[in-house]
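Presented below are the structures under discussion, each in the form of C-alpha cells.
Look at the two complexes coming up: chain A is in both, with chain B in one and chain C in the other.
Coming up: the complex of A and B.
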C-alpha cells in the first residue's frame, strides 16, 4: 500500500527563482517534522501538498490523489497556513463555524464541530472575542482549530508554534503529538530543531529547495547542538529576564533590542534552554509573551551542516 | 474530535452545493461591509435629489411644471452610473479582497470547486448590490412620483400609472448589475490593481464609447442597456438623432452573452491561477 503522502522528483520555480528542486519524499502516518531555514522551500512544498500551487515538474500525491484542483481531497486534509491573516472582525467561533459551513456542514453540525475544535485548542472561553483582539498565541490556535475542525486524515501545519509563548508552545506541541497518535499523517514545519524533537523523531531537513537529509532527529541533533543558538523573547521586563537567564551556565550572552521589549539570548545548549523555559514561566512567574528563533540562526546551522 | 480511525471527513459537495455554500459564506460579509455602507449612503442621493426637486418646485417663482415621473426618467442616467459604481466596487472585491487580505487560502482549502467558490461569492455580491440598487430606484421613484402627487394637483395618479415602468427599470438595472458584476469579478480575478482597470472600463470605455456613433459602441454593455431603457434621458436624448439603439431581442441576447462569457472567463481564470504566489509577494 502506498504512503499517504508521496512526492516524486518535484520542482517548483517561479520566474528565475527555484523554490523546490527535484525533491522526492514520502510520509508515513504519524508526525514528521520539516526543518529548514527561511527560504528553504518548506512553505512551497506545503502549498503543493495542499493544492494551492502545482509543481513545475514531478508529481505530488496525497492519499492517492493529485491535490491540484481536487477539491474533494480537501475533505480529508487540514492546513494551517503560515501567514497571520484573518477576517479580523469575526469572532474565533464564527470564523471556525463559517469555514465549516463553507465546507458543506449543516449549521448544527458546523456549530458542534467548531465547539469541539475550539475546546481542543483551548479557545472555548475566548471564542466570542473578535480575532483582531487576539494575542499571537490565540491567533495560532484559532488557525489550528480551522485546520482540525473537519477531522482530516492529513494535517499540514506551517510553523504552527511560531511566536508563541513557552506555555502555548508546549500546549500546541502536545496537541500535534496527540493528533499524530490518533493515526493522522502530519507534516509540521519549523526552523527550530527543539520543537521538532518535542513532537517527533522523524524529520526531513531541507535547504535551498533540496532534501538534505531525512531520518531520526536525534542523529542530527548532536551535530547541531554544538552550534550556539540565538533565541529572541518579548517580555514586559527585559532587564529582569536577562538577569535571570544569565544565571544559567549555558547562556553565554544576552542582547537588548533598542527601544523594544525584546531580548536575544545566545545559548550553547538550546535543548536545556527550551526545556527550562516552561518551568521558569509557571513556577518563577517570569513573563514571556513571545518567543522566536531568528531565521539567520538556523541558516548558520545549516551552513555549518553542509560545510 | 475523534480519538481513533476511521476519521469522519465532511460531506462531498457537488458544484451547485459548493456554489450555495460559498454564497452563504460570503453574503453576510458582503452585506455588513464598509463598502456596502458607503454605497448605501451614495444611493441615498437619488431620493435626496427628489426632495430638492419638490422643494424647488414648491417655489412659485421657479415655474417648474414638469411632473415628478418625468424628472425621475431623467434621473435614470444617475441610476445607471450608480449601477456601474456598485458593480465596480462589489465585483472587483470578490477575489481581490481575499488576495489583499491574504485570506484566500482559508477558502481554497475547502472541498468547494474554485469555480463554484467564485460564482457563489459573485452571487452574494450581486444580491448585496441588488438590495442597494433596488432601494435607490424604488425610493427615488416613490418620492418623485408619490411626493409630487400628494403635494401638487394633477400628479396624484402618476405613482400607480408608472408602476410598470418602475418594474422595467428595476429589471433592467438589476440585470445590468449582474452583467457588470460578472465583468468586474473577472477583472478582480485576473489583474493586479483591479480597481484601476475597473475604473478605466467603467468610466472610460463604457461611459464614452457607448455613445459614439458607429459599430464600436456595440462592444459595450452600456449600448445594449441603453437600448432596453424605456427612458429617453439626458445625453442619450441629445444624441438620439445620431444614434440608433439595438433591437430589444439583440440587446437581451448580447447582455446574456456578455454575462455568460465573463462568468466562464472568471471561473476559468480563478481555477487555473496560482494565487499563493501573489500572496507571498505581498
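Coming up: the complex of A and C.
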C-alpha cells in the first residue's frame, strides 16, 4: 500500500526563483516534522500538498490523488496556515462553523462539529469572542480547530506553535501528538527545532528548496559523523586544556566562554576525540569536570547539514 | 474489557454536493450583510421611491383623485433611473469589500484549503452582490409593473405594455450582472473596501467627465461611449423603446458593457488565487 503522502521529484519555481528543487519524500501515518529556516520552501511544499499551487515539475500525491485541481480531496485534508490575520470581526465559533459549511456540512452538523473542535483545542469558553480580541495563542488554536473540525485524514500544519507561550506550546504539542496517535498523517513545519523534537522523532530537513535529510533524529545524527562537532568542557584551567587540545590534528578550533571555566572545542573526528579523552585525563592529568555536546540539540544537526 | 478503535474514521454522513459549494459563500455573505442594521435600513429606504410611485400609479390607473398620468414604458424607465442611487450605494457598500476583505484577512488560502474551486468562490461572491443589486434595481420597478397589471381596470394596460416587464427584467439583470462583475474586479484589486469604493466612484465620475469633455472638444457624440452613465442611459432608452438624447448606437453601448464584463472576469480569474505570488 502506498504512503498517504508521496512527493516525487517535485520542483516549484516562481520566475527565476526556485522555491522547491527536485524534492522526493513520503510520509507515513503519524507526525512528521518539516524543518528548515525561513525561505527553505516549507510553505511552498505545504501549499503544493494542499493543492493550492501546482508543482512546476514532478508529482505530488495525497491519499492516492493529485491534489491540484481536486478540491474534493480537501474534505480529507486539514490545513493550518502560517498567517493569523483573519476576519477580526468574526467570533471564533462562527469562523469554524463557516469553514465547516465550506467543507460541505449542513448547518446543524457544522455547529456540532465546531463545538467539538473548539472543545478539543480548549476554546469553548472564548468561542463567542471576536477573533480581533484573541491572543496569539488563541489564534493558533482557532486555526487548529478549523483544520481538525472536519476530521481530516491528513493534517498540514504550518508553524502551529510559533509565537506561543510555553503553556500554549505544550498544549498544542500534546494535541498534535494525540492526533498523530489516532492514525492521522500529520506534517508540521517549524524552524524551531526543539518544538518538533517534542512532537516527533520523524523529521525532514529542507534547505534552499532541497531535501537535506530525512528519517529519525538519530539517523540524521549518524549522517553528521563526517562533520565537525562541538564539545564543551568545564575545567579549572581552560587555557592549559585549550593549548593541549590544539596540538591534535582533528581539533580545528577552541572557543573560550566569557566569564566561565568552560571551553568549546570543534573536532572533525569526534570518535577519535572521545577515544583520546580518557588518556588525557588519566595519563596527562588534565582535569575535566564536566563535558557536554551542544550537538545533542537538533539545531546543531541542522547547522552541520546545511553548512 | 472492550477495546475501542481509536484510529481515524472518516465521516460518512451527508455532505453538500459540488454544485452547491458557491451557495454556501453566497448565503453567508448575504446573511452577514443583512445583519448590518445600517445596510438593512438602506435596503428598505431603496424601496421608498417605489412606494411613492405605487401611490401615483394606483391613482393614475384607477382614475381616482383626478390623477392623469400616462403609465407606460417611460414611467417605468424613470422608476429605474430613480433606483440608480441605491444601485451605486449597494455596489459601494456591499460589493467593494467582498473580495478586498478576504485579501486583507489573507483568507484565500483558507478558502482554497476547503473543497471549493476558484469558480465556486467567485460565483459565491457574485451571488452576494447580484442578489442585492437585483433587490434594489429591477425589483422595485418590476413590483410596480406587477401592481399596475393588478390594479388596472381592464386588460388594456397589459395588452399595450406587456413587453415593459421584460424590458425592466432584461435591463435590470444586464446592469446587475455587469455591475457585479465590475465591482468584484475592483474589489479584487484592493486590500481595502475603501480603496475599491474610491476606485469605483472615481472611475464612474471620471469616465463621465472625460467623455463629456471629449464630446465637447470633438463636437461628436462618439466619445460618450467612454461614460458609464451615458452607456446605461443609451441602453435603457433602447430597451424601453424610447428616443434617446445620447447620440451613440445602442449596440456600441452594449459592446462597452460586454467589454467591461470580460475585463472584470479576466481580472477576477487573474487575481483570485490561493497563493499570492510576490515577484
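Everything that follows uses one rule, which is that the second predicted complex is superposed on the first by the 220 of 307 C-alpha atoms of A that agree within 3 Å, B and C clash if a C-alpha of one lies under 4 Å from a C-alpha of the other, contacts with A are read in each partner's own complex, and residues count from 1 in each chain.
Rule of thumb we're sticking to: a residue touches a chain if its C-beta (ideal position, glycine included) is under 8 Å from a C-beta of that chain, and two chains touch if they have at least 3 such contacts.
All values reported here derive from a predicted model rather than from experimental measurement.
J.: Here chain A is shared; do chain B and chain C fit on it together or clash?
T.: clash
J.: Which partner does A:54 contact after superposing on A: first (chain B), second (chain C), both, neither?
T.: Only chain B; A:54 stays clear of chain C.
J.: Taking the superposition on A as described, I'd like to know which of chain B and chain C A:180 touches: first, second, both or neither.
T.: Neither partner.
J.: Can A:137 be said to touch chain B (first), chain C (second), both, or neither?
T.: In the superposition, A:137 contacts neither chain B nor chain C.
J.: Regarding the shared-chain residue A:81, is it in contact with chain B (first), chain C (second), both, or neither?
T.: both
J.: Once chain A of both complexes is superposed, is A:116 in touch with chain B (first), chain C (second), both, or neither?
T.: Touch status of A:116: first partner only.
J.: A:270 contacts which: chain B (first), chain C (second), both, neither?
T.: It touches nothing on chain B or chain C.
J.: If you stack the two complexes on chain A, which partner ends up touching A:36: first (chain B), second (chain C), both, or neither?
T.: It touches nothing on chain B or chain C.
J.: Kindly classify A:146 by the partners it touches after superposition: chain B alone (first), chain C alone (second), both, or neither?
T.: Both chain B and chain C are touched by A:146.
J.: Quick check on the output: what are the common chain A residues between the chain B footprint and the chain C footprint?
T.: 14, 47, 50-53, 71-77, 79, 81, 83, 85-87, 98-99, 101-105, 146, 150-151, 153, 182-184
J.: Going by the contact rule at the top, pick out the chain B residues touching chain A in the complex.
T.: So the residues of chain B touching chain A come out as 1-5, 7-13, 17-18, 21-22, 24-25, 29, 101-103, 105-114, 271, 274-277, 279-280.
J.: Show me the residue ranges of chain C that touch chain A in the complex, using the header's touch definition.
T.: The contact residues of chain C facing chain A are 6-11, 13-18, 21, 24-25, 28, 101, 104-107, 109-117, 120, 274-275, 277, 279.
J.: Give the list of chain A residues in touch with chain C in this complex.
T.: 14-15, 47, 50-53, 71-79, 81, 83, 85-88, 98-99, 101-106, 109, 146, 150-151, 153, 181-184
J.: Please name which positions on chain A make contact with chain B in the complex.
T.: So the residues of chain A touching chain B come out as 14, 43, 47, 50-54, 69, 71-77, 79, 81, 83, 85-87, 98-105, 116-117, 120, 146, 148, 150-153, 182-184.
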